[in-house]
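These are the structures, in structure tokens.
Heads up, the next two complexes both have subunit A, just with different partners, subunit B and then subunit C.
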Partner chain A sequence: MNASTVTATRETVSRHTRTFLDRHASLMPTFAAVLIFAVLLIGAQIHFGTFLTPLNMSALLLDNAYLVILAVGMTFVIVTGGIDLSVGSVMALTGIWCADLLASGHSAAVVVPLIILAGAAIGLLIGVLVQYFDVQPFIASLAGLFLARGLAFVVSLDSIRVENESVLWLQTTRWRLGEWYITPTGVLALSVALIGAFVMQFTRFGRTVYAVGGNEQSARLMGLDVARTKVAVYVISGVCAGLAGLVLTAYSGAGYPRNGIGTELDVIAAVVIGGTLLTGGTGYVLGSLIGVLVFGTIKTVISFMGAEQAWTRIIIGLMLLMFIVVQRAIVVRAERRR
Partner chain B sequence: MTKVVKHRLFWPAFSLVALIVLNTVVRPQFMKITVRDGELYGALIDILRNSAPLMLVALGMTIVIATRGIDLSVGAVMAVSGAVTLTIIDGAEDPGSTSTVLVAMAVGTGVALLLGAWNGFLVAVLDIQPIVATLVLMLAGRGVALLITDGFITTVNSEPLEYVSTGYLFALPFALFISVAAITAISLVERRTALGVLTEAVGINPEASRLAGVRSRGITFGAYVLSGTLAGVAGIIYSSNIRAADANAAGEFIELYAILAVVLGGTSLVGGKFTVAGTVIGVFIIQTLKSTMLFLGVPSAQSPVFFAAVVIIVVLIQSPRVHRIARGLTGGMRSRNLSAHSDAEVAA
Partner chain C sequence: MHADIETPPAAVPTAEAVVEMRGITIRFPGVLALDQVDFSLRPGEVHALMGENGAGKSTLIKALTGVYAIDDGTIRVAGEDRVFGSTADAQSAGISTVYQEVNLCPNLSVGENVMLGHEPRGLRGIDWKATHREAARHLDSLGLHLDTRSLLSSHSIAVQQLVAISRATVLDARVLVLDEPTSSLDRDEVERLFAVVRGLRDQGVAILFVSHFLDQVYEISDRITVLRNGRLVGEHLAVDLPRSALVTQMVGRELVELEAISEIAERTIDRTGAPVLRASGVGKKGVLEPADVDVYDGEVVGIAGLLGSGRTELVRLLYGADRPDTGDVELNGSAARITSPRHAIRHRIAFSSENRRAEGILADLTVAENITIGIQARRGWHRRMRRAERDAVVKEYIEALGVRPADPNANAGNLSGGNQQKVLLARWLATAPELIILDEPTRGIDVGAKADIQRKVAELASQGLSVIFISSELEEVLRLAQRVVVMRDRRQLGVLESSAVDVQGLIDYMADGGEGSVA
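On to the complex of A and B.
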């Protein structure tokens, strides 16, 4: 092999990588999230020596199941270019209502559909305000946040213990594979993520969500049902919040009206870290799953180090900053090339 | 008459007056102001006094919103400035000395100013969406405040500090003077100089105003610095009131109430035209509502339900679809009246 063929191969390789990068530019932030997740895990393993254990990794999914579910719903909303601030409060409302209904003797078969419907109803309210009354998503979901938080306190001012066996089963059951285990809540979270990813990538509805986020005007001119899609994403987010309320109640064994204050911010941060652009149009449900796992790993690392949990918020804030600056750079580069 | 009704402050002012009348009817002692030791007390005075932190934050938010932005970090900035101020006072040899307290407050406000400048840098220089840019500090800010107070609630006993929120000057609460000073300063600077018009220009069309020679970056940057600084002062008033720096509870939900006050006052969230007087009215509406609920015995935790109703009503009133429906209804009535009229004429 002489020198010229070497440079030629090098050129083809770099050309191939360039085409690959161009074609999959929207995947880059998600790749970055996967990379960060891997680096975090390996770094923690090297530092602590006993981090990458099956027990720890199983707990990671278990502790963050409700966040995964919320992040899936939020991804749909953000990809359309909207935002849903109400998720934390809706989770608190459905959680406390679930505990309250169970405590007064209703069966779980009635209660669970009811609380998920409640989540959907608040999502519907937000969606209708956004779509039919031209209210900015920020303000409409703010109304949803206030409404759900207040109603949570109307249901009960204090926490209510859950003694219903079928709800507790969601949390206490451990399906084991050697040292690894998974709870029904974990299965629930993973299935929500998989269903979400499937709907987003392979159904007409999912493609419409991307189209609306990319350019609403064009989507409308293409004859897509923009109105229905935009209302539907908020309903999806509400359903996810309702489900998250159930999971959190099972996880903590009680409903508590102060649950989930500020969770909407954690969820938005996780979704952005997972590679979804807040301007809409680009994003992946599975990326959000990675985003939540990054969030969860940082929390675990900090508790391993015995440091203040206050650091979690600071590090997540910094990571969010890094991601939005990088995203901004990608957008600016794309605009220049045009 | 139509001119009065059409004035953009009509509906906000009308709501506030209606709320006050309602309160007076339900509890006559609402309007009562008693004089004790040459100081005024009463429900109205309480509203004026307690509205100070929200007033400062909402004023800053008005200017930020006018530039097409939003500042979500104000609550976190309040927590940081309160934490910085009280930690300095707590660590001083003499927490009761006025000079210590003044220095501590100056440092707390200075830190808040820097945080505002940080937001301004992200939005104006790096061109990051305001919601996301200020979300960073909203997330990280409370963490920083917790680190400053070592995760505890720092309590101090310091008379000069307490004076800020509970003290009286010329028979009126001192906190009221802070609000009035901020309102006056902002109104004068924004309305007696060209700055207000330039701010609106940036909010209406940043690109066009830049091409017209307006320094839009500088104006946007300044708006966030102002918002941060005012939030810092609000944080000091808050911690003076509870005599403690509580990193979690300080300014909780205040960004939402401030945005609500701005919108209630008639400033649109899409930026551009703003009204300081409207925001002032908006803040008083919120504070009066809070006072009403307290009187009605609604647990303060449940009050968000009422605010949700208020938000929904306000956005519905502002929505173009409702305007169309309303116009359709009144237009329909008018034409029906007209036809009835002509029928009568024919009969005659």
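On to the complex of A and C.
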């Protein structure tokens, strides 16, 4: 190969890279999350020798099913440029109410739809506050956080055990493939993530979510239904929180009004690590799934090491910082190129 | 005014009009924004809507595009009475709008921006292949060959503007409203846009065009409607309306004022003493090559150059908004280091940004607060201004600059662009600067306000204020400035005496860097 063909090849390569970056700049943070997930798994495997086992990996999904569901709803909200701080409390409320209703003898077929509706109702309230009363999403969902937490304590001050079989079935059933297993809660979490990803990528509603996050004013002038979309994302997040309440109740075998304190922050962290920009307009539901798995893996690694779980938060905090800096750098680069 | 009693003007054949607006009236609190305005658009015609800021152009457009509800009057589109409750309503009636600021989503692909809300769908949701194919077809039909999967934000503003127009063709628009689409485009880009507009016109689309650039209006328009103070002044064929008549109709008074401004500006500057500002070799890597600027007492130094030539970058370095990495600055003969706007303000240098909305006006504060905030910043927060003192300063500047409405308690965000600019000028003048840097103070404002601002600048300079004046309108630069710094490609080409050069000469100089006739 002579010098000129080398240069030509290099140019072609760099042109292709540029085209790829022009098209998929928004995928980069999610790629980074996948990379980190892989590095974590491989690193842990090398260090402990027995990390990448079917049992361990199956447990990862089982332990974090409720987080996955919350993260899917949160992704919708954050992509519009909003935030939903209420999800941890709503999960606690629906969880304790679920346990309470079941304990007083109601059928799961009535209780489950009811608690999901309750989650949707709180989401609707937040959405209406944000859209029609022009309240900052932070404040509106903070109100939702207090409301739901308070209501959870009204339902019960103590934990309530769940003995309903169909709810416990969600957790105790193990569908096995060799040493791998998956629970109905895991299936539920994965289904929610897949449905969420489909809605975001392949429906006009989903694309409107991105458009609103990109430029709300433009979206309105383009004739898109911004108002309905903005309310809907909070309802979706509320529904997810309701579902998460059910899953967490099944997982822990009880409802507890103090569940999920601070979980909203874990969820936001996972979503950001998964590549969603807090400024809105960019992000992927499946990225958030990876974000949750990264979060869960760090927790597992910490407990494998026998260290304090406080380290999970410290590491997550550092990763968040790193991700936000990386995202900012990408945004700045995009602005410069214009 | 009742249209059915009075005979309509002869120049207005109504039968074939695709849009007929009759007796449109819109009231805002305390203001009659539109008063019984008639307006019609015919297919296959470019119709310019002209008027000063505050004349009601934007209001009329917003009535037509469903952003504002009308209080009185009728809108007929293709012979059917319509009431628009939202932009979506107007779009479904075939009316699309391309705004001054690109109203697309930067985070989505070009193709998606074209098709958003109209994507072809199959059983498995949006069919992305078909979506991009459709988008490419619409872009191709306007002569745009873009990678539809590339992000919108990776393209220039001009291309984005054209993408916005393609979107309008997807909606199968019968009426296309172009609200100042050219204000951030350069000449070639304007030509490209006009080629697209002509193509659409020939396909029978009715086009409503709004621009502050008279040249462009005459280049593209078949018909011109003039509004003033919310009323219809007249509708004319472009060929029947000389420029001077158009300007007179828009402003309602003759522009002898501009000549008076030239007279004030034509004076010799005493350059024997130390200059107020002397910057030598000021530059920053990747931003601006080292440049030399000096400004004397009572002098207006213009900076001429195209958008992106380094004009703004230069003054931002002088003001300390960005840090230069080379060069020395002398103020009144002694060396100074200006590394932040705070230093500059302390040295009595003021800077009014070209970005009025983002870096200038505080839209939620009142006119009075906007004016006095500069003084307050200079005094420090612990020395509050007395109320009487404040009121006196505010009153003085509102009168001196002719801010309308002359209400110190009006919300600055509700003022027209020209009046916001006057408020900003007042803010900086109130701090009693020695040197004021004005970056595009007349962009996007109406003819009357432009004249007011130029006159004020000329007067202040004749009283001893030093000014650095940036404008894309070379007439303005030459009218006001005694010397002109010419920039191109982030480099200083040279400094010209403005008395020795005319607009064409300046353009030539900008184009060939002084190697041609003028140097």
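Definition applied: the second predicted complex is superposed on the first by the 338 of 338 C-alpha atoms of A that agree within 3 Å, B and C clash if a C-alpha of one lies under 4 Å from a C-alpha of the other, contacts with A are read in each partner's own complex, and residues count from 1 in each chain.
One rule holds for everything that comes next: a contact is a pair of C-beta atoms (placed from the backbone, for glycine too) under 8 Å apart; a residue touches a chain by one contact, two chains touch by 3 or more.
All of these numbers come straight from a predicted model, not from anything done at the bench.
**Student:** Based on the superposed arrangement, let me know which partner A:281 touches: subunit B (first), subunit C (second), both, or neither?
**Tutor:** The second partner, subunit C, only.
**Student:** Could you look at A:26 and tell me whether it touches subunit B, subunit C, both or neither (first, second, both, neither)?
**Tutor:** second
**Student:** Please indicate which partner A:316 is in contact with in the superposed arrangement: first for subunit B, second for subunit C, both, or neither.
**Tutor:** Touch partner of A:316: subunit B, not subunit C.
**Student:** State whether A:214 touches subunit B only (first), subunit C only (second), both chains, or neither.
**Tutor:** second
**Student:** With both complexes overlaid on chain A, does A:204 touch subunit B (first), subunit C (second), both or neither?
**Tutor:** second
**Student:** Looking only at contacts as defined up top, I'd like to know whether subunit B or subunit C touches more of subunit A.
**Tutor:** Counting contacted residues of subunit A, the larger count belongs to B.
**Student:** After the superposition on A, what does A:139 contact: first (subunit B), second (subunit C), both or neither?
**Tutor:** Touch status of A:139: first partner only.
**Student:** Taking the complex as given, what residues does subunit A use to touch subunit B?
**Tutor:** It comes out as residues 83, 129, 132-136, 138-140, 142-147, 149-151, 153-154, 157, 257, 261, 265-266, 268-269, 272, 278-279, 308, 310-314, 316-318, 320-321, 324-325, 328, 332.
**Student:** Quick check on the complex: what are the subunit B residues that touch subunit A?
**Tutor:** It comes out as residues 70, 122, 126-129, 131-133, 135-144, 146-147, 151, 247, 252, 256, 259-260, 263, 269-270, 299, 301-309, 311-312, 315-316, 319-322.
**Student:** Using the touch rule from the top, collect the residues of subunit C that touch subunit A in their complex.
**Tutor:** 67, 86-88, 91-92, 97, 99, 102-109, 112, 116-117, 119, 121, 124-126, 147, 149-151, 153-154, 156-157, 167, 171
**Student:** Which positions of subunit A touch subunit C when the two form their complex?
**Tutor:** 19, 22-23, 25-26, 198, 201-204, 207-208, 210-211, 213-215, 217-225, 281-282, 334, 337-338
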